[in-house]
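These are the structures in question, set out in turn.
Next come two complexes built around subunit A: one with subunit B, the other with subunit C.
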Partner chain A sequence: MALLSLEDCSKHFDGVKALQGVSLSVPERSLVGIIGPNGAGKTTVFNLVTGIYRPTSGTIKLDGKDLVGQPPHRIAAAGVARTFQNIRLFAGLSVLENVQTACARRHAYGFLDVAACLPWYWRKERTIRSEALDLLDRLALGELRNERPGNLPYGLQRRLEIARALALRPRLLLLDEPGAGLNPGEIRELIDLIAELAEAFSLTVVLIEHRMEIVMSLCRWVYVLDFGCLIAQGTVDDVRRDPRVIGAYLGKEYADA
Partner chain B sequence: MLVQQLINGLSLGAVYALIAVGFGMIFNVLKFSNFAHGGVITVTAYAGYYVAANLGWSFLPTLAVAILVGGLLAMLVELVGFRLIRRRGGSVIFYFVSSVTIGMLLENLMVIAGGPTFYAYPDMLAKASYPVLGASVSTVNLVMLAASTLALVTLTWVLYRTRTGVAIRAISADTVTAGLMGANVDTLIGVTFFVSGCLAGMTGMLLGMTQTLFPQLGRVVVKGFIAAVIGGLGSLGGAVIGGIFLGVVEVMLTATIGSGWAPVLLFLILLSFLAVRPQGIAGVIAQEKA
Partner chain C sequence: MGFYSSLTVFTGLTVIAVMGVFVLTGMAGLFSFGQAAFMAVGAYVAGLLAIRMGLGFVPAVLAGVVASLAAGLLVALPVMRLRRDYFALATFGFGEAIRALLNQSVGITGGAMGLFGIPVVTQPWMVVGAAVWSVWLVRTLKRSALGRDWQALKTDEIAAEAMGVPTYRRKVEAFLISCGLAGFAGALFGFYTSYVDPAMFGWFRSAEWIIILFFGGINSITGTVASALLLSALPEFLRFVAQWRVPLYCGIVIATINLRPRGMFGDWELSLSTPGEVLKGVRRRRGLAQP
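Take a look at the complex of A and B:
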């Protein structure tokens, strides 16, 4: 049974067809990759799944439940968390507070709780803090909890984004180019980290990546997008031999040169 | 005499700080200058007057009414004036125009309700003045100082020590990402407007008590705006500093060069701030969202 399934999804921005009739299926507890040249529509897939955009047509289902038209915070509550290609940590907040924001949704609060400062409000407050600290420790960020995210080296900022996403206790984790800007040593650490977290938190992971090293080490199944269309899918070895995939990447290289 | 002026200046500054903070909270979250805040101030001042003069309520219950009316009205303003614009991802100028329109609408509703006449709040405080360090300071000013300080301390505590506060700050930093991390953006923006409206309620009643009550009372929001700019738009700490600074300078200027020239000099101070240090005292400028 697929945890996430997209069927015939399209997204048009005025005249631009960012995605055209893309279908994909992500089995529970699998690690799936999405690759493709820049502008292929990879991040658009994440934006549709997380509710930032509504698909022009098509359906998106999480564990059989329709996600289309739901606001982002509901989709997050349903178990979808993500990171971003360009790191989007909350600048004015400390490392700990960044993680706390994502813990908060599991401890639902209403307007009255806030206005009346009811006792359980403070109890939850302590729970949130300790949960966030546990996660930071787990990702070896505990000692940096009072730092501002902007003061952290790039690799740690990426890791903090993963910590924040995990604080939602997701079933599905979407990683948007987690390896971008990392050096080879950090890449190896990242691969181990993702594998370890996926196991420990029973995660289903979809990752967008250019670094073939990461995709090859982690993903059993890969989807290839080009100009908003799904041009291939299969195991890493399959897609690497696929002439259309080679064409898509080579074509881009020629265009760049 | 100096002590008295200083305390009067601090009291006025505390109210400016209340306005600047109420104004700044909305600026932080939605990145526009909310001039509807002045309309809310006016309405709460009238609401407070109504229960104090017509129903004979005492100071604290009246203040509670003003605060609650302000909070609820601000939420209504958000719902009617800003939510649709936000849903459609409208540009900042639409929010701005909408807020000015609502401010004028509320002001004119008060003209209809109370006429263009001036009113004076009944005396609600037991003593008119208290001796402080050898000077006689009016009770209203002391209450203004105490109430504003309490409100600002509470607000700071909520923003930095509760998950709601952290979520509101997260929304200020990045609304879209906050939503993706599970924050209910609509509710939290509602809460932000409620809190901002509560501050407007305090402001309205305190100003109504110290000055006379008239429909244009809320135009004092411009002073709060100036305070926010001097302090550094987007920084709540800066808003407080800017408010206090403005209040003290205004009272001192009024005492020395008179109430005619004082505003002129105040605006010149603002202009020089914009020219020399546009980022304000606190030194941060909240950027428009990319």
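Take a look at the complex of A and C:
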């Protein structure tokens, strides 16, 4: 059964039709790619799923439950985590605290618990810390826990963003161009990391990517968007031979040739 | 009311109120130019209950805090949905409105003449105790999940929401804590001076608290406390140049922005391990540290 399904989703910004009647379905524990030229509406799909935008029409379901109209933090709590195309870490917090912020969702406590120093506040805070440290160690970021994210090299910032997303213990992980700005060596590492994490955390992963090597190594199924419309879907090989996809990327004359 | 006693009380009350501003502005990144009005609510409600209904000191102070929380909630619920810049404007408006209300309702509050005859109960040691407690509270909050949520939503609200932070709720909470602490300071203030009038709680006082915060460093409780002690005590000693108070603040603002935009203390916090770290630094410099 599909974990995530979008049915006939559209998003219009006044006159601009960012997404038109897009349907996709992501089976549980699969890795699915979304590709397409710049401005095709790939990130808009993520913004609809995570509740940052509300679709103009259409339905979005996670495991059969409707997500439309829910605030983003509820959707995050329901098991959807994401990373951002332009890395959005919390600059004022340390590496550890960035991950703790997401960990704290599953061990929530409130103002009164803190003000009264209730025992479960300490216990939960300890759990949050140890879970966050485990996760950082797992992603080889443990040594850097007291650094500010801004001091990390780009590749590690990307990895920290993945760590923070995983701290939500999501069922569905949305990765928005995880390979952007990485060198070929880092790309190899990233591919292995995503495959390993998907296995270890029983994740369903949707990733937006321009780098074909990442999509080819990881995704069984690929959706292709162009100008807000779904123009093709299938396995990587099918999609690469599809004349509409070649046309969208390289221009129509190449597709005809 | 000796000089040092009143200096201690006024400085302590500023520390309490500024700790509230630290939560709201320092951690959650929201600017309010109406926080002094919530101090007024605390002072008037506690004072009126004591005068008119003969309520004791502790219940009156509690009632003052509850009243400023209620007033805060009334403001927060509609205003917190606004963008941050509009939030600053709206709180400014609400603050001045509360002050106008106190001025106009002469029959209850005494209007611009002020409210007389609040029993003098507050002692300097109480204020020092309350200030220490409020610093402890805010320090604990900063290290808790709430503190992390506030700092996260300050840098990036969309990312914070995507990581499950209920941003609207957290912002309302930050505002209420700030209002509660301002109301607490106000209630203690009334019971010390025995007289309050609306002019004491204008927007300038709110702005002064924000200046104190920025001078000390918006990310540092240590810096904020140090700056509160310095900036609220200094003008008392410089009474003979009282007319220079406003230019002094303006100078501080300009100097802070240009010379130390992150405040005197930046992100630095005093902690129990600080003496150890200093010692380690000294050893390293002398080449004594073990690898």
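Methods note: the second predicted complex is superposed on the first by the 244 of 257 C-alpha atoms of A that agree within 3 Å, B and C clash if a C-alpha of one lies under 4 Å from a C-alpha of the other, contacts with A are read in each partner's own complex, and residues count from 1 in each chain.
Throughout what follows, contacts are C-beta pairs under 8 Å (C-beta built on N, C-alpha and C of every residue); 3 or more make two chains touch, one makes a residue touch a chain.
Note that the structure is a prediction, hence the values are computed from the model and not measured.
Peer 1: For the overlay on subunit A, clash or fit between subunit B and subunit C?
Peer 2: clash
Peer 1: Scan A:Ala104 for contacts with subunit B and subunit C and give back first, second, both or neither.
Peer 2: A:Ala104: touches subunit B and subunit C.
Peer 1: Could you say whether A:Ala76 touches subunit B, subunit C, both of them, or neither, answering first, second, both or neither?
Peer 2: In the superposition, A:Ala76 contacts both subunit B and subunit C.
Peer 1: Return first, second, both or neither, reflecting whether A:Val215 touches subunit B, subunit C, both chains, or no partner chain.
Peer 2: Once the two structures are laid over each other on A, A:Val215 reaches no partner at all.
Peer 1: Looking at A:Glu125, would you say it contacts subunit B, subunit C, both, or neither? Reply first, second, both or neither.
Peer 2: The answer is both, since A:Glu125 touches subunit B and subunit C.
Peer 1: Using the touch definition from the top, say if A:Phe84 reaches subunit B (first), subunit C (second), both or neither.
Peer 2: both
Peer 1: Could you pull out which residues of subunit A sit against subunit B in one structure and against subunit C in the other?
Peer 2: 50-52, 71-73, 76-77, 81-82, 84, 88, 90-93, 97-98, 100-102, 104-105, 107, 109, 111, 114-115, 121, 124-125, 128, 164-165, 167-168
Peer 1: Flag every residue of subunit B that touches subunit A in the complex, lowest number first.
Peer 2: It is residues 161-164, 166-167, 169-170, 172-174, 176-187, 190-191, 194 of subunit B that touch subunit A.
Peer 1: Flag every residue of subunit A that touches subunit B in the complex, lowest number first.
Peer 2: Residues 50-52, 71-73, 76-77, 81-82, 84, 88, 90-93, 97-98, 100-107, 109, 111, 114-115, 121, 124-125, 128, 164-165, 167-168.
Peer 1: Which positions of subunit C touch subunit A when the two form their complex?
Peer 2: Residues of subunit C touching subunit A: 137, 140-141, 144-146, 148-149, 151-152, 154-156, 158-167, 173, 177, 219.
Peer 1: Considering only the defined contacts, which subunit A positions touch subunit C in the complex?
Peer 2: Residues 50-52, 71-73, 76-77, 81-82, 84, 88-93, 97-98, 100-102, 104-105, 107-111, 114-115, 117, 121, 124-125, 128, 164-165, 167-168 of subunit A touch subunit C in their complex.
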